[in-house]
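Read from first to last, the chains carry the letters A, B, C and D; within each, the first residue is number 1.
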Amino acid sequence: MHEECGVFGIYSSKETSLAKDVYYGLTALQHRGQEAAGIAVNKDRIIRCKKDLGLVHEVFDAKSLNEMGSAKIAVGHVRYSTSGNPTRENSQPMLTSHIKGQLAICHNGNLSNSFELRKELELGGCIFHSTSDTEVISYCIIKERLSSPSIEEAVSRAMNVIDGAYSLILMSPAKLIACRDPHGLRPLCMGRMMDGSVVFSSESCALDAVGAELTRELLPGEIVVVSDNCRIESIKSHCGRERNSLCIFEYIYFSRNDSVVDSIPVHRYRTEVGRRLFQEDPADADIVVGVPDSGLDAALGYSRASGIPYAMGLIKNKYIGRTFIAPGKDERYDLVRMKLNAIKDVVDGKRIVLIDDSIVRGTTSERIIRLLRSSGAKEIHMRISSPPFRHPCYYGTDVDSPENLIANNHSIDEIAEMIGADTLGFLSVESARDIALSLCPDNKNAGYCLACFNGDYPTRIPHEGSKTRFEI
Amino acid sequence: MHEECGVFGIYSSKETSLAKDVYYGLTALQHRGQEAAGIAVNKDRIIRCKKDLGLVHEVFDAKSLNEMGSAKIAVGHVRYSTSGNPTRENSQPMLTSHIKGQLAICHNGNLSNSFELRKELELGGCIFHSTSDTEVISYCIIKERLSSPSIEEAVSRAMNVIDGAYSLILMSPAKLIACRDPHGLRPLCMGRMMDGSVVFSSESCALDAVGAELTRELLPGEIVVVSDNCRIESIKSHCGRERNSLCIFEYIYFSRNDSVVDSIPVHRYRTEVGRRLFQEDPADADIVVGVPDSGLDAALGYSRASGIPYAMGLIKNKYIGRTFIAPGKDERYDLVRMKLNAIKDVVDGKRIVLIDDSIVRGTTSERIIRLLRSSGAKEIHMRISSPPFRHPCYYGTDVDSPENLIANNHSIDEIAEMIGADTLGFLSVESARDIALSLCPDNKNAGYCLACFNGDYPTRIPHEGSKTRFEI
Amino acid sequence: MHEECGVFGIYSSKETSLAKDVYYGLTALQHRGQEAAGIAVNKDRIIRCKKDLGLVHEVFDAKSLNEMGSAKIAVGHVRYSTSGNPTRENSQPMLTSHIKGQLAICHNGNLSNSFELRKELELGGCIFHSTSDTEVISYCIIKERLSSPSIEEAVSRAMNVIDGAYSLILMSPAKLIACRDPHGLRPLCMGRMMDGSVVFSSESCALDAVGAELTRELLPGEIVVVSDNCRIESIKSHCGRERNSLCIFEYIYFSRNDSVVDSIPVHRYRTEVGRRLFQEDPADADIVVGVPDSGLDAALGYSRASGIPYAMGLIKNKYIGRTFIAPGKDERYDLVRMKLNAIKDVVDGKRIVLIDDSIVRGTTSERIIRLLRSSGAKEIHMRISSPPFRHPCYYGTDVDSPENLIANNHSIDEIAEMIGADTLGFLSVESARDIALSLCPDNKNAGYCLACFNGDYPTRIPHEGSKTRFEI
Amino acid sequence: MHEECGVFGIYSSKETSLAKDVYYGLTALQHRGQEAAGIAVNKDRIIRCKKDLGLVHEVFDAKSLNEMGSAKIAVGHVRYSTSGNPTRENSQPMLTSHIKGQLAICHNGNLSNSFELRKELELGGCIFHSTSDTEVISYCIIKERLSSPSIEEAVSRAMNVIDGAYSLILMSPAKLIACRDPHGLRPLCMGRMMDGSVVFSSESCALDAVGAELTRELLPGEIVVVSDNCRIESIKSHCGRERNSLCIFEYIYFSRNDSVVDSIPVHRYRTEVGRRLFQEDPADADIVVGVPDSGLDAALGYSRASGIPYAMGLIKNKYIGRTFIAPGKDERYDLVRMKLNAIKDVVDGKRIVLIDDSIVRGTTSERIIRLLRSSGAKEIHMRISSPPFRHPCYYGTDVDSPENLIANNHSIDEIAEMIGADTLGFLSVESARDIALSLCPDNKNAGYCLACFNGDYPTRIPHEGSKTRFEI
């Protein structure tokens, strides 16, 4: 049910081997999803799709990209790897055909009313091949298409019905359409290539990868339609209806630190978090060490704010990837130890400020601290660059269930003791928001979803049964 | 669009590792489809499905069968390998969910009104993930399910709407249902295991493979429902409405020669064909040689009728399977030569009656005759154990398009000259039917479709556009 | 240690994509070995080799064959699949380099003094990468090469040292050499293509596959050297030293029935065996049924001699190949049942003469007989187209160990009872030899090894430790 | 011919699933070689080996590690991925058998007299299956073994003959032996587990990975023998004969920065290089940026020495691994761009000190600088943490051929202009050595090979033909 994903689409100024551009774009978005990848291309109004489980470069190679031929429009998707049960059925783009032709949909997000919508559709005789919200969205759009003068009008009408988080890229026989939910929960931006081609992407780093300039982010609720000759039309009828609620975790963790998300450079946000962590929770120490890779930006910010030297005390084994499985042995070895090692020469005898992006169950933090102590660290002051998780996310973030969240059941002091830290500090919820507001050039309309920290959901909460009912 | 396939289903007297039974059954039906294979199992009303492109033993191994766990009901499907473009989307069982739960469908056949049905469904907002008739059938049944008191009633009502060839095996959360179209175009039989388990299969050879006894064939139009405690119920409301029209090609080619199809042992039919070929078209020769494997039964029959010795003059390389691809070289080599070799010691200096099951384009026959002549054969009198193809098949048989059928454009004498045979004879259309009628124990109601030979279609002919419109 | 294999080599009249010819040749020899396949090509005196575990068409495809480029000389090898432990190290061609350049060796057979030779070589400081006799042969030839004026002279000198069964095809930077052990235990033949290219092969069926004419078999002890312009030189210095001893099992089982081996068409030998079985052991029955595929020729011979009709009572599932593994279930299913089925319509109520090629442990025969009886067979008179196995083979045939051979521990009557046959007969040892002598055009020098039946070994018996010492 | 590799061996205090320990150790050494991986285990004096092309976790999984069973001694190897032509034949451990049993060899390094040794061995009748020096070493040891009282004595005698760079780990039926060439060109260290097990490894990071403590490095020329009950014996007869010459590139690039190599923590060396680069070549700039990952340590050192802030201006796509292949398109995209991106927010408008580990052809540097400038960088002062390459390496480092080395053909100013840097500085050869000497606790005997920078080779230079002769 988790839909943290990356979407990418391009309307080219000329017919070309467009699958390759999508391939490069998806590779840049790979951090948003490692379970499955797919590309659909549109040549002469015929859409063909290839998708499978695996990383982008596992699913596609030069041969298969060439076989996809030249095209005028193309879209692609990478999908998050949830533990357990990856399925081909849920991989995207979802390509279906209907009375007006074909439609390919790429979706990032999670609906909050998919349970109700699905039930209603089923009562009308609809059948479902997958458990994904994307199929619900497909039905909603195509139902509206029957009586709409255009596909974009059908999308607009469907947006009256679907609720929750969604950034969509759709490809019809003749158009490329991008749209973002009225809360703006998930990011979506657009760019231009030198030759006029229009590109949509979850993050700007994928625009860099294909040599496109970032034009702007889509507004919450905006629909952008690209048609003949790369002509762009914006439909804003759903804009301004809801308070803006970009998921703050895009800054804290999801997005690549070289992306700009809703006008804020991600790296700048993270560095500022480090600075704020020092202000909120200063520690007297010899060095600042970030847990690679996601703790490094904040560690640098903490170091700059505090004057405590930034140091590389932990090193990551870059060959332990998605497919690495520890074959286990007598509990002697743990995977954390394989992935990370301490540099004894750096940490021995030192008082350390240790920065990581989050604590979920606490087990990883405990092992990292144990590793540092066994390498001679004298004191460990752990600082977390996000507030404590206390609430479930209904918008596509794979937060563990509340009973597993250590912050839900324990005080900060208790957690510190459990993981073995001398002191422990989290970023405050206020700071997480304030940093974004302070960095946003036009913060009049800015707004952020921090529901996983404070329980303040921008939409109504999904029906209880929605997660468990359809486990095909 | 070709749907020549094999279907298999089992309702077990007790919960067991049922996927293995289906695996054995499908392996026995492998000759009916080598493109894709799939199995769905039902445990505690939850249906899970695994399917992929490949042979049964390529898609499944001991590990994956064990992972499917124990189950009470299970179904499986093998799919025909059409040239060109195998797709995962069209593989079966097709597992979908709807308002009353899940439904898995296995289908052998081809609808004659799928174009119209699909269009009507689309006008109601339905979306399609595949190009297969099976998805159309799914929608029809599930639409009826909304207002039907039971799944079998929904199937019965859907049968009022769908037209053409279909043998179906369906699995709902609680039932296993088999049904056969009112013309009985495709075969479907049922059997019992010693422990009371009920088995359905396209052919009886798969019953043998799992140790079940053949009980009987389903009647054309019959619906058989298996529910709790292997209780069987037969619904005959669609029986007797149409003239029986079993595809005669099931006897000539499709079915395995150890199967019994609609009360006729296939091997007996084929042997009798050989006898009739001699009666209709006697040849003076030294030996009778069948093209392995499909010409051997008729060759034996011809030999017995004529008294001309049966001989093994052609040998087949059994290691050249589905995946063998000739890497080509200077046109020096042909694949026929790799697959078949003549035994010079047998054919040298001989006058040969050569029996094959059909001539489509004539190129294979020409090469086999050339091979025999280069090994010293003096005369070659070719006899074909089917009538000449002259008409397209709309019921799932992959007959080449009429312009490629050599019999459509040439007289028998012309064909004989083109393929290099001294004489050439085909089985007459009348004999093809009469042999079946004469072998059928209860031939009062028997009837056969010979449309590909005589153009006499039992249903209306499908709409022209149906083959080309939806090439997703 | 089992070396039943197929070898193939070609010296082309012109540089061409020769790997493809070898690919076709090896595919025709695939029945001689399914464990591993390899091809080595020689272009401008540089030899490159590709080999791996698997069938020929699994190891090679159009891409890899093209990558091997054009060549003037090429050799190839298929290797037997022994149960248990296939290793890449033992696959062939064995390509090594030495002081005079490279040498590729393809070997079919088994040495009887490899233990002693290996020990002697090791005492001289030699190291071994494999457990195969082929590495021993390589060393012996290369040691001799140091002081020999030519590679063929080195081969000739090595033949003074090595003892046992070997048919070799060697490729040096400039020459293609074939040689056969002085007893002629394993077959080896040569042929010519229309363009003058020279081909060597274990069996003539591979010559047919590449369009070459069979010229003749190599004489026992003969060395044939092909060099520039396809010039052929024969060295006969080792000929006539030993009594000819072609392995009789090449006729009974190993060779393809469309091959001619040492002047006898294999199919003719097998048919004659059927005739002799009737003469030695007539049965009163209704039909003669062969166990496919290896019992069919003899069944036809028995039928012709006896006048009892030949019938197809057993059918083989052709999709159960090398890689098929029965996932097992409650002992309800056996693999014999999956591989074979009886045609009830043929065998029901019949008295059957059942012909198979051999009985090893008896379990397979027992299951086949049970299958026939459950399909209604009234009497089963089993006839085996070989004498009973009683002795181990040291020349590359994978005969089971004596304690597992049913014929070693039981009388024929006992075996008949164990397998459930009404009567049982084996071919006599004398007939096995006499048939070959009677069919051989020039039987003055003909001679055969029947050691596995009568214990009369043509060479000395290998040292006891030789099988078990080097299990790398 | 490139032999940059990682070796690992363990003698366990008790029989256990030792292949898993080697698996963890090799995973930690994966940076030393990504072409091939292999493990050999010794149980009851029988050695079994599994190896193949690929990363450690591609070659091995839980199933294959379990199949290797329990063992008392085990060794493993990872091999460098040279461009072009990876071969299975050259992968290691090299397992051979000889008169005294089996021997598994793992080798890191390159001999300087392998051409002569191989020729001499061939003149004695030796045959070679690979092109690797390791096979030469195997022969040398095994030849000596014939007349030596022990395997370690044979190793010692072989060391009189072989010349060049080698760190070896050998496994005989009863012993684990490690040895290091008398110059100490390649590193090799030993450690102990809590339970007394003895471990050898190329680098200490692999000891950390299996929970062993670093005991010490092997001395140049030392042979360490581990036998029953983990008893350790050191043979120092070859120690002190040559000047110590550890490859300085182990500090600059090869080793992981969390390893300690010959008593110097690698990270400390690299940080010190950054400091020295500032002293030798100060630049006036706003930020210091390292090219990830290998330029980061020196960038931190430069920052600390200069007071110029350390910044993350370049980000690496961690999903572009060994197997990623850019499918290419119109030269619009380059792989550098896919692998690296600039963080515009960090570098825009800045004067940058850019630190990378080396310049080979200059193309990568040129692209990185172009990337930074297109993101707004105002000045780029490039500093290289190694001296310019000017000479070939004969000891296993894959330095490009001299004609491709930009530093060989151009002055530093010319290079700066070619790559587009405002200024360019390399570490001086003296500093590269002096830093190591200053960090080495016991620098009386310390010595380093800097031949690729200054042409001062510690051994004689290999024979000219050695690289090209044996391209099997």
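One rule holds for everything that comes next: a contact is a pair of C-beta atoms (placed from the backbone, for glycine too) under 8 Å apart; a residue touches a chain by one contact, two chains touch by 3 or more.
From a predicted model like this one, the values you see are computed outputs, not experimental measurements.
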**Q.** Farthest chain relative to subunit D (centres taken as mean CA coordinates)
**A.** B
Q: Between subunit A and subunit B, two touching copies, which fits better, same or different residues at the interface, with half of the numbers shared as the threshold?
A: same
Q | Whole-Å gap separating subunit A and subunit C, where each centre is the average of the chain's CA atoms | A | 61
Q) At what distance in angstrom does the C-alpha mean of subunit B lie from that of subunit A? A) 48
Q.
With centres defined as the mean C-alpha position, give me the subunit B-subunit C separation in Å.
A. 37
Q. Among the residues of subunit D, which ones contact at least 2 other chains?
A. none
Q) Think of each chain as a node with edges to the chains it touches; is that a line, ring, star, complete or other? A) ring
Q) Which pairs of chains touch one another in this structure? A) A-B, A-D, B-C, C-D
Q: Show which residues of subunit B lie in contact with subunit A when the two form their complex.
A: 46-49, 88, 95-99, 102-103, 119, 122-129, 138-139, 142-143, 146, 470-472
**Q.** In the complex with subunit A, residue positions of subunit D that touch it
**A.** 16-17, 20-21, 23-24, 27-28, 30-31, 34, 55-57, 60-62, 65-66, 205, 208-211, 256-258, 260, 265, 267-268, 293, 296-297, 300, 304, 309-312, 315, 317-321, 323-325, 327-330, 332-333, 337-338, 341-346
